[in-house]
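Structures for review follow.
Look for subunit A in each of the two complexes below; its partner is subunit B in the first and subunit C in the second.
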Partner chain A sequence: MATEVLKVSDLKVGFTEDKVDVPIVNGVSFQLQQGETLGIVGESGCGKSMTSFSLMGLLPSGIHWQGGEVLLDGNPLNVTSQKEWRKIRGKKIAMIFQEPMSSLNPVYKIGNQIIEMIRNHETISKKEARVRAIEMLTLVGIPRPDKVVDEYPHQLSGGMRQRVMIAMALSCNPEILIADEPTTALDVTIQAQILELMKSIQAKMDMSIVLITHDLGVIAEVCDRVIVMYAGEVVEEASVADLFDQPKHPYTKGLLNSLPNINNEKERLETIEGVVPAPADMPSGCRFYERCPAAHEKCLVQPEFIVVDNQKVKCWLYHQ
Partner chain B sequence: MAKYIMKRLLHTLLVIIAISMIIFFAIRLTGDPVTVMFGAGEPTKEAVEQITEKLGLDKSLPEQYFIFMKDLVQFDLGVSYRSNQPVLDLILERAWPTFLLAMGGMVVAVLIAFPVGIISAVKKGKSVDIFGRIFSLIGISFPNFWLGIMLILIFSVSLKWLPASGFDSFSALILPSLTLGLILSGILARLIRSSMLDVLKMQYITTAKSKGIKDWVVIIKHAFRNALLPTVTFMGLQFGALLGGAVIVEQVFAWPGIGRLIVDAINQRDYPVVQGGVIVLAIVMVVVNLLVDLSYSIINPRIRTGRG
Partner chain C sequence: MTKPLIEVKHLKKYYETGHGKNHVLKAVDDVSFHVNKGEIFGIVGESGCGKSTMGKSLIRLIEPTAGEVWLEGEDIAQLPAKQMRQKRQDMQIVFQDPFASLNPRMKVFNIIEEPLINFNTGTKQSRKERVYEVAKQVGLTEKQLERYPHEFSGGQRQRIGIARALVSNPKLIIADEPVSALDVSIQSQVLNIMKDLNERFDLTFIFISHDLNVVHHFCDRIGVMYLGKLVEVADKHELFTNPKHPYTQALLSALPKSHPNESKQRTILHGDVPSPTNPPSGCTFHTRCPNVMAICKTHSPQLQMHEPEHQVSCLLYEEEVVVHK
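Coming up: the complex of A and B.
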C-alpha cells in the first residue's frame, strides 16, 4: 500500500474583516499518496492558489491560517516558526508557478539560482552544486545544459524557463511538487511537452504532485485523482476516470459541459451561468445554489459529503 | 558596446556645446564687467574703452563666442578678470573641496536612504514605514539652506560639537555633508521604497521564498538587487541636484568649492570664471551620467548581453 505523504484536514484560510474571520479557503480536506498526482480544479478565484500557498507557509500578507490541520509524512506542519517553514520549502515541498517568464530572477544566472536552492538545503561545495545543477538541467531536457547554466533567464523561451523552474524545484529531491497552473501561460505544444516531462520525472523520482489548474484537459492528461473546488470548498473528489465518466456534482457537470469536445457535435459550448459569490457574503447553504440547475429548498442548508460509487460529493442530490 | 559608447559621446558633445552657448549669452545679460571693475570710482571714457578692448569685449558676440570656443578646445579657459589667474587653476584649486562635499553628501544619503527605503517597503503600512515616509517628505520639502542653518545652530552654536565653516579638518566636512546628504536621502529613500514595492510583487520573489532561503536574503539579494536598477539611474540623474545642492551648501558653510567660486564670479561679472566653472561642472555631470549608464548595463544583464 502506498504511503500517505500529505493529509490536509478541514483547512481554513482567509482574511479578517471587522474582527471577523472571512475564509477564502473553507474547510478543504484531501490526501496525497506517494507517487500520486492529485489535480485541483476550479474556476478562477476559488482558492486553489491559497490552498497551495498555505502548504508552503507563503500566504500573502493579510491572509492567514484560520483552522485545520496539515500532516506531512504524518507530522503536523509546524505553522508557528519561519525556521521550520524554511526547512520544508524547497526540501520537502517545492513549487512551480504559472508565469515562467517572471518566475526566475532576471539578474542572476540560471545555474546560480539552482545552486542557491541546493546549497540552501545541503552542505556541499559550489562546484558539486554546479555539477548537480547541470544534471538537473539535463534531466528536464534542456539542450546544451553546460551553456545554459551560465545564461540569464531572458535568454530562454517561456517553455525553457518552465523547465528550468522544474529543474530548480526538483534539485533537492522534494517529496511533493506543487505545480500552480504550470502550463497556462504556454502555448499548446509546449504545454504538452511540460506535462509529459513532469510525468516522466515523477516516475523516475517517485514524487507526488499536486497539480492546480482550471483546465480539465490538463487534469485528464496527467492526474490520478481530482478534487473539484468551488468558492473555497471541495465539492467533489474522484479518480480521473470516474470524474470524466460520471461526474456527480452539478458544478462538475457544468465544468465538463463547458469543455470543447471533438466527438460532440454541439454548436455552442455551455457555460455555467452566474458568478461565484464573494468570500464575505457566502450563502449559508450550498455555495453553488444560485447557479445550480438542480437547486431546490434542501440546498438552503449546507450538504455533507457523501460517498457514491467511490466518489465523494457534497450535494443533496445523493442524500436519500 | 563600442558603438553605444560612441553614440553617447557624440550626444555628450552636443550637450556641452549647448550649455556653453547658454552660459555664454546668459552671463552677458547680467551687465558689463568693466563698470564693476572700477567699483565706485568714476572712470574716464578712455580707460573703459582700453579695458574693454583688452578683455576682447569690443568684438561682436559671435566673434567672442568663437574665440571662447577655440580656446576651450585647447583646454584654455582664459584668465580671471579679477585675479588674473588662469581660470583652470582657480577651478582645480576648488575642485577638491567640492568633490569631498559631493561624496560626503552621497555617502550620507546612501547610508540613510538605503535602509530607510528598504525597511519602509518591507514593513509597508506599519509604523516604521509611516515614520520613514514622513522622514522622506521632510527631506524633500525642506530647503537646503534652512537645514544647513538649523544644523549650524544645533551642533555648532548650541552644542559646540562641530565647526560651522572652514575646510581644514574632517569635522568641518560633517555638517555640510549631512545637510547635502539629508536633503538627497529624502528623495532617494522614497525612490528605493517604491521600486522595492514594485519588485516585491514580482513572481521571482515568491520563487525565492519558496526555495526556503532566509527572509533577509530574499529582501537584499533578490529584491534589492533588482530595485537597484532604477535607483542607480536616478542617482545619476540626481547628480545635477547634488551639484546644485552643493552650490547652496557651499554658501551656507563658507565651503571653498566650485559653487562658491562661480557665485562670487557672477557677482563680480567675472565672465571667464563663470563660463569655465559652469562648463567644467557640465562636463563632470555628463561624464557621471555616462558612467551611470555604463554601470547600469553592468547590473542589468539584459543590456549587457544585448538581448531582450
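Coming up: the complex of A and C.
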C-alpha cells in the first residue's frame, strides 16, 4: 500500500470580524499518497488557494488558523511556529505559484535565487549549489542552462519563468509539490508543455503533487484523485475518472455541464444560477442551497459526508 | 449570397518602437476578412498575437495604420473623427475586464444610458424606457439599476457592459474576451445571454478569445491569428474537424482533455512565440512549425482559399511552391 505523506484534518482558516471568527476555509480534510496527484478544483473564492497557502504556512496578514491538524509523514505539524515552517518550506513541501512573473525576484540573477534556496536548507558550497542549479535548469528543459543561470527573470518568457519556478521548487528534492494554478497565466501551447513537464518529473522523482486549479481540463489531464470545493468546504471527493463519469454533488454536475466542450455540441450551456455567498454571510445549512436545482427542506441543515460508489459526497440526496 | 455586414481589407496597425525601419512592431499585419449579418465570427489566438489590437482598430479606438473597414458599403477607416463617433452607434464593444470598464462613480442606470445621451437619441422618457428594455434583456432588475458597479459580481458587471453596448441598437458588437475573467458557471450565463441576443435580434458579433472551447461553442466561423496575421479562416466545424494550418493543429492538440480517459495525440510545440518586434523571416511560424520546409524561411505564404469557405496561409498548401520544392 502506498504511504500517506500528508493528511489534513478539519482545516479551518479565516479572519476575525467583531471578535467573531469567520472561516474562509471551513473544515477541509484530505489525504495525499506518495506519488499521487491530487487535484483541488473550485471557482474563485472557494478557498482553494487559501488551503494551499495554509499548507506552506504562508497565510496573508489578517488571516489565521482557526483549527485543524496537519500530519506530514505521520507527524503533526506545529502550525503556528514560523521556525518549524521555515524548515519544512522548500525542503519537504515546495510550491509553485500562478504568476511566474511576480514570484521571481526581478533584481537577482536566476542562478542566485536557486542557490539561495538550496543553501538555506543544505550545508553546501556556493560552487556545488551552482552546479546543482544548472542541473535543475537542465531537468526542466531550459535551453542554454549554463547561460540562463546568469540571466535575470525579465529576460525569459512566461513559460520559461514557470520552468525556473519549477526548477527552484524541486532543487531540494521535496516530497510534496503544491502547484497553485501553475498554468493559468500561460497560453495553451505553453500550458501543454508545462503539464507534460510536471508529469515526467513526478514519475522521475516519485513526488506527490497537490494541484490547485479552476480548470477541469487540467484536472482531467494530470490528476489521479480530485476534491471539489465550494464556498470554503469540500463537497465531493472522487477518483478523476469517477468524477467525470458520474459526478454526484449537484455543484460538480453543474460545473461539468456549464463547460463548453468541443466533443459535445450543445445549443445552450447549462448554468448555475446566482453567485457564491460571501464568507461572513454563509447559510447555516448546505452552502449550495440557494443555487442548487435539487434543493429541498432537508438542505437547511448541514449535510454530512457519505460514501457512494467509492466517492465521498456532502449532499442530502444520498442520505436515505 | 448574403452580403457581408462588415468587410475588412488589409488592415494594419504598426507601432514605431524606435527610429529607423527595423524598429516597427507589426501588431496587426495585413488582416482581411468579412462577417455576414447575423453571424458570430470568432478570432482566436494566444497572448500577443494582436487579436485585441485588431478588434479595437476596427472601431478605431486604436487608429489603424492602413487598410479599409467597410461597414454596409462605407469605408469607416476613412471617416473624419466626428462622423466616426456617430458611426459607433452601429458598432459597439464589450471589454474583457468587467471591473475596469465601468465608471465606479456612476449608477448602473446612467452607465447604460450614457451612450444614448452621447448620440443624442430620444427624450428623457424614451431613453429611460430603452434602458429598462435592455436591462431586462440581459437579466438585470430595475432595482439593480439604481446601484453602483462595486455592488455587483464579475458576471453581473459583464451583463451591465453588454447592456451598455446594446442600448444604442448596434448592428455589430465586438466582444473582446468578454468571459475570460469569469468563472465557468458564470461564463455560461453570459454566453447564453449573448447567444439569445444573436438569435432574437440577428445581432452580429466579432468574438475575440483565447479559449478554443468557448469559441467552438459560440461562433459560426473562426479566424486563427498568429503574430499579427490570420493564418486560417474556416467554418467552425470545418476548422475543428479538418484544421489545415500546422499552428491550428497544434493549438487544438494542446487543448486539455475533456475527460480523463480520452486518449489524445499531442503535437507539443517547442519554444515560445517569437517577439513581434523581431519576427522570423518568411512564414512567421517556421521557428516552431513541425512541418517546416526550407522554403518557409524565405517565402511568406498568403491567406488563400484552399477549399470552399476554408482559407489557409501555409506553403504546404500553395501548389506552385510545393512543385518547386
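In the analysis below, the second predicted complex is superposed on the first by the 320 of 320 C-alpha atoms of A that agree within 3 Å, B and C clash if a C-alpha of one lies under 4 Å from a C-alpha of the other, contacts with A are read in each partner's own complex, and residues count from 1 in each chain.
The rule we apply is simple: contacts are C-beta pairs under 8 Å (C-beta built on N, C-alpha and C of every residue); 3 or more make two chains touch, one makes a residue touch a chain.
The structure displayed is predicted, hence computed values, not measured ones.
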| item | value |
| --- | --- |
| Subunit A as common anchor, with subunit B and subunit C clashing or fitting | fit |
| First (subunit B), second (subunit C), both or neither touched by A:Met229 | neither |
| Touched partner set for A:Phe97, first subunit B, second subunit C, both or neither | first |
| Touched partner set for A:Met207, first subunit B, second subunit C, both or neither | neither |
| Larger contact residue set on subunit A - subunit B or subunit C | C |
| Touched partner set for A:Asn105, first subunit B, second subunit C, both or neither | first |
| First, second, both or neither for A:Glu221, with subunit B first and subunit C second | second |
| Which superposed partner A:Phe244 touches (first subunit B, second subunit C, both, neither) | second |
| Subunit B and subunit C, minimum CA distance [Å, superposed model] | 12 |
| Shared subunit A surface residues [contacts with subunit B and with subunit C] | none |
| Residue ranges of subunit C touching subunit A (in the complex, touch as defined) | 46-47, 153, 155-156, 183-189, 191-192, 195, 210, 212-214, 216-218, 240, 250-251, 253-262, 266, 268-270, 272-273 |
| Subunit C-touching residues of subunit A, taken from the complex the two chains share | 43-44, 157-160, 187-193, 195-196, 214-221, 223, 240-241, 244-245, 254-255, 258-273, 275 |
| Complex contact set, residues of subunit A against subunit B | 56, 58, 82, 85-91, 94-95, 97, 99, 102-107, 116-117, 120-121, 152, 154-155, 165, 168 |
| Residues on subunit B engaged by subunit A in the complex (per definition of touch) | 202-204, 206-215, 222, 225-226, 299-302, 305, 307-308 |
